[in-house]
Amino acid sequence: MAFSRAAKLTLAALLLAFPLLSDSFTAYQLGLYLLYGMVAQGIALCWGRAGFLPLGQALFFGIGAYLSGAALKADLGWALLIPAFAVACLVPALLAGLVGALVFNRQTGSGPYFSLITLALSMLGFQLANSLSGITGGFNGMTAIPGLPGIDTYETLYFVIVGVLVVSTLVLAHVMRAPFGQLLIAIRENEERLQFFGFRTSMLKAAAFGISGGIAGLAGALYAPHQGIVTPQAVGFVLSAELLIWTAVGGRFGLIGPVAGAVLIGFMAAGLRDSFRYWEVAVALVFILVVLKMPGGISGLFSAALSRFGGGSSTRHEAPTPQLLASKDQRAAPDLRFDTVGVSMGPVRILNGLSFSISRTGIHCIIGPNGAGKTSALNVLTGRLPLGAGEISWRGVSLGNTRPFIAARNGIGRKFQVPSIFPELSVRQNIEIALWANRIGTTEMFSMRPYGWTTQMLGELKIRFPFLMQSDKMAGSLSVGQRQMLDFSMTVLAEPDLVLLDEPCAGLSADETRQMIEAIAAIAGETKATFIIIEHDMQVVERLSDHVLVMHQGALLANGTMTEIRANADVARVYSGGSK
Amino acid sequence: MKRRDFIKSSLTVAVAGALSGTALTSAFAAGPIKVGILIPLSGPAGLFGPSSQNCAQMAVDEINASGGILGRQIEPVFADVGGPPADATQAALKLWKGEKAEAFIGMHDSAVRGALTNLFKGQVPYIYTPVYEGGECAAGTYVIGETPDQQLAPVIPWLAKEKGASKWYLIGNDYNWPRDTNAAAKGYIEASGGEVVGEEYLPFTADNFDSNLAKIKDTGANAVLITLVGGASVGFNRAFASFGLSDSAIRLGTLIEENTLAGIGAENSKGLYSSAGYFASIDTPAAKAFAEAYAAKFGADAAALNSLGQSCYEGVLLLSALAGKAQSLSASDIDTIAEGTTYEGPRGAATMSNRHVAKDIYLAQADGTAFTVVQTFADVDPGNNCG
Amino acid sequence: MDLVVTYGLNFAYSTATLGLIVLGLAVVFGLLGVMNMAHGEFVMLGAYSALMVQQAGLPFVLAIPLAVIVCGALGWLMEWSVIRHLYRRPFDTFLATWGIAILMRKGVEVSFGREYQSVDQSLPGTVSLMGIDYPAYRLVLMAVIVTMFALLFVWYQRSNTGARIKAMVQNPDLAAAVGINTARLSRATFVTGVAIAGLAGVLLAPLVRVEPYMGLDYLLSSFFILVVGGLGTLEGLIIGSSIIGGADVVISAIFDKTAGYLGVLAISILFLWLRPDGIFSRR
């Protein structure tokens, strides 16, 4: 990532000139490592970018290799080989995408379970490749695979590999630079927040995994003619683990690193294995060191050194043409209904017959003592808690047991009490993601245009919160107050119809609280969106809202204007808050 | 690069010449013959690396002491082919094109062999030495390992007659060699009047054999043909004996060599037979002299002799015999004269037939953790391997 | 009938031994979240402890303290040098311990060689039980494992340390805040986990092959069993072992071992996908 364009061009030129500088047989050897490096690039996309670790990547590599091997053995000629190669690339891509979709759809987060599934799949593939000897040739492998027609395996195939590597690197680099790539980082940083912006993160991850599977398949498709044989090891766990090691050692955050890792360890192992009996010890030690001390791998060291000497600027791309997006000016009336909603966690009943409805725009406040179920009410509305009993609907759409991204797509935006942002992304990138929410289409995720998007509201927010103009500052280095404001800005920039704010002023200084209240009031007035705010501070409540809902023990206790609430005897009995 | 190579090889020649002294006059121009010796030093078969290396080195030293091949000294260059075929190809290519090896001897699995025959394409003589499933007929490739036909044709009738083996259970790992071995076995079992009462294949990862043992017991088998490899064979045989099955059935293995037997352990080896072209305990003058020389050269703690390791010794002998007969190391010259070439080694006399060798086969019975040869079958035909 | 008894005992045996093998990993992965890829290597070290005791001509039982000391010391070193920097980073523990596993295998290879080793059974022979002959050592082993689990269960439920571990697992920050030394407790837990793995190695050594690479056999299936049973409870561990062991026994008996292996993998994948929190989860 941190390599400049000149450095990349030099690298590509060096690769092309390699056979002249060395000899064609070392180049042949390098060709294999470059193929492995391609697979490692795909792993880097999943692991370094999106934060989930695929443990069985050889499966896709091997499937591609077997498919292309079979096609080559059938002696099809170029006219049919090209589609066959496309199949060898697409089948693993679709398989990976399908696995990703099925698994991620059930499990948010990037825990070890997905990794173990891919590992088990790779083991399954290895055993099947061994057992289905009629198709694969079994343990002895699919043998005597001819080279690509008209291309000498030991002389010219290398250039084909370099060509494919350059193309796949460019494609991946584009994918990483495009909004899709930025969304993957957002997933790594804070997947749940992204879901509350209406992104179906499971599909984004599945797409990333699918792309990595396709790249692995493509590398495998070239491996078959390169080696002339495909054996079950090409599918198995050991190669999968090695690919991971190469990615980690080379550096998992970029595209050059994984290839460098595969090439360096490849040559190191090839050089050592015949002369030094315990070469694996050397590899293992390097590996442990990398895990402990250099999470960015070798290329991480390089880019750190580069940036120290002022090189390797991190400017991402030339700014695209700004494009002012239209704001919503017409909004249907709100219609939110909670009908005897019950939620239980184990034996504890969190919500117990909560009923209310909101059919008026404006700012509605929920108050109540701690443990009254205020946040849980918002959680069940946005699919963060399962609905136990009753019914929830928003504009006639039932939201019982919904999921965060569906709630968001129905126009419900949410800000949590603890500011929830993408710390490793810059302020600008955080804002971009909010602007993309509910707006960006699948094709736009792979185009640069959305980086130019802006709205009128963004301009106003920047005036209100000047720190938003420090666009290159990492969001993680903002103060707590600024994070609250950034989170709030992101929530409203998505222009939801129903805005749920959970204690937006928590942790803010008096001055910041004032700023925040003004912002909420102004935006609520301008956008005609409906706000529901959980708030403890009665002064805030009084300033903002004329409709207050009081919750107690998981149910609605009272409901009315602030004056009515103050006069309510029930409220006075259970709620010792009042004004501070 | 070419220049660098030239300098490097001239240096090697000069050094080798200076060391041997005698070679200077006879073959300065040609230098020593580099022979690539491909053995597993890592991976599942890495266990056989040290004994293979020792045996090959011993053969090279002996041949060099008696003048080398075609008057040239042999310089063995070893490479590790214990990994997957892709790694093995890289290693072989480095020796072939980088080190300019003129011939290859390989002791590795069949997947690697497939990759290597595809790489060499008959352009360089390649001798494949370990026991395998048979059927290799690529140009320039010569096989001295035991084929299923050799290991079973004489042995099964003998066990039927002498040990009453009639109800056979076939168990092996799930890949080509066990399946092909069992396919051959079925014919011999039927011919000997026996029957196959069960046939099963296990994944390499299998480490619990209880369900197999229950089936073996249930079928009333009195003989088990074992084509499990390595650790699976050790684990199976240990469990087999612990269930007391060694009292009711004999076991025949076609790849149970000295290391595997050591792992099986003395208390689990009752009624265990092994069929192979070599055992460390063969009681012929040639084999005894070989074993003694091995012990003298590498010491008492050296890697134990076994059929796989020792096959590398035979491989060097065959290369020497082929080159001597062809008066050339070119693959095409050797291919024309190969048929009928004979050589004699610790295993006994061997004759090339259809790229394989007809040779003696030994049936040994485990006695504690050592083998005792109980029967020698002379000059066993390798069977029909080339179509 | 005999066959039913045999399969029943085999099922019990495989459940018990799998449970024994997984127990150490259940402690390390289930409680600490460390994906210890060197788990199998600790089992291997235990088996080599049994071998060392046998080679020295000492009684088999002495292998148990030896294995606990060897594995415990090594586990301590590993925790101190690597693991403690990686808590709550499961992927990194996975990668680092993978490297450590290679070092351990190579270390044993240097000391003992690649050869297969044979550890004698201290109780050879079979016992007649319900009409079939069953290996005596296995029966004793099953009894030992059952006793061990029962004691462990009681200890974990009743003891103060058990309570503190539970507190640490559920909320490390809170546990630290109420005065539990989580760094020390984590280390003790890790060391205990790998020592248990070593103990499993000793007990299994007479039954299995012993060689530097034997650990790989136990590693992956252990992870799958843990996931099937659910992390963090002994009951789950036993259920997981019996599901995985049982599936293997049943499918292998009906079809063959390959089908059994594929079946176990498929079941593991289904659990990882649909019920990653184990069979008892309410999802």
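Each chain gets a letter, A, B and C, in the order it is written, and its residues are counted from 1.
Rule of thumb we're sticking to: contacts are C-beta pairs under 8 Å (C-beta built on N, C-alpha and C of every residue); 3 or more make two chains touch, one makes a residue touch a chain.
Since we're looking at a predicted model, the values are computed, not measured.
Nearest to the global CA centroid, when each chain is reduced to the mean of its CA atoms, is chain C.
With centres defined by CA atoms alone, the chain at the far end from chain B is A. Each of A-C and B-C has its own count of C-beta contacts, and the greater count is at B-C. Centres computed as Cα averages put chain A at a distance of 53 Å from chain B. As a whole-number value, the distance joining the C-alpha centres of chain B and chain C reads 37 Å. Annotation for chain B: residues touching 2 or more other chains are 174, 203, 205.
Chain contacts: chain C has residues 258, 261 touching two or more partner chains. Within chain A, contacts with two or more other chains are made by residues 127, 131, 280. Every residue of chain C that touches chain B in the complex is listed here, in rising order: 2-3, 6-7, 10, 13-14, 113-121, 124-126, 133-135, 137-138, 207-211, 213-214, 217-218, 248-249, 252-253, 256-258, 260-261. Residues 22-23, 25-26, 28-29, 32, 127, 130-131, 133, 138-141, 143-145, 223, 227-229, 231, 233-234, 238-239, 269-270, 273-274, 277, 280 of chain A are the ones that touch chain B when the two sit in their complex.
Note for the complex: chain B touches chain C at residues 44, 46-47, 49-50, 174, 200-203, 205-208, 210-212, 214-215, 217-218, 231, 234-235, 238-239, 242-244, 259-260, 262-268, 303-304, 369. Of all residues in chain B, only 1, 41-42, 78-80, 83-87, 89-91, 93-94, 97-98, 109-111, 113-115, 117-119, 174-177, 179, 203-205 touch chain A in the complex they form.
Across the interface of their complex, chain C is touched by residues 47, 53, 102-103, 106-107, 111-117, 119-121, 123-124, 127-128, 131, 237, 241, 244-245, 248, 278, 280-281, 283-285, 287-288, 291-292, 295 of chain A.
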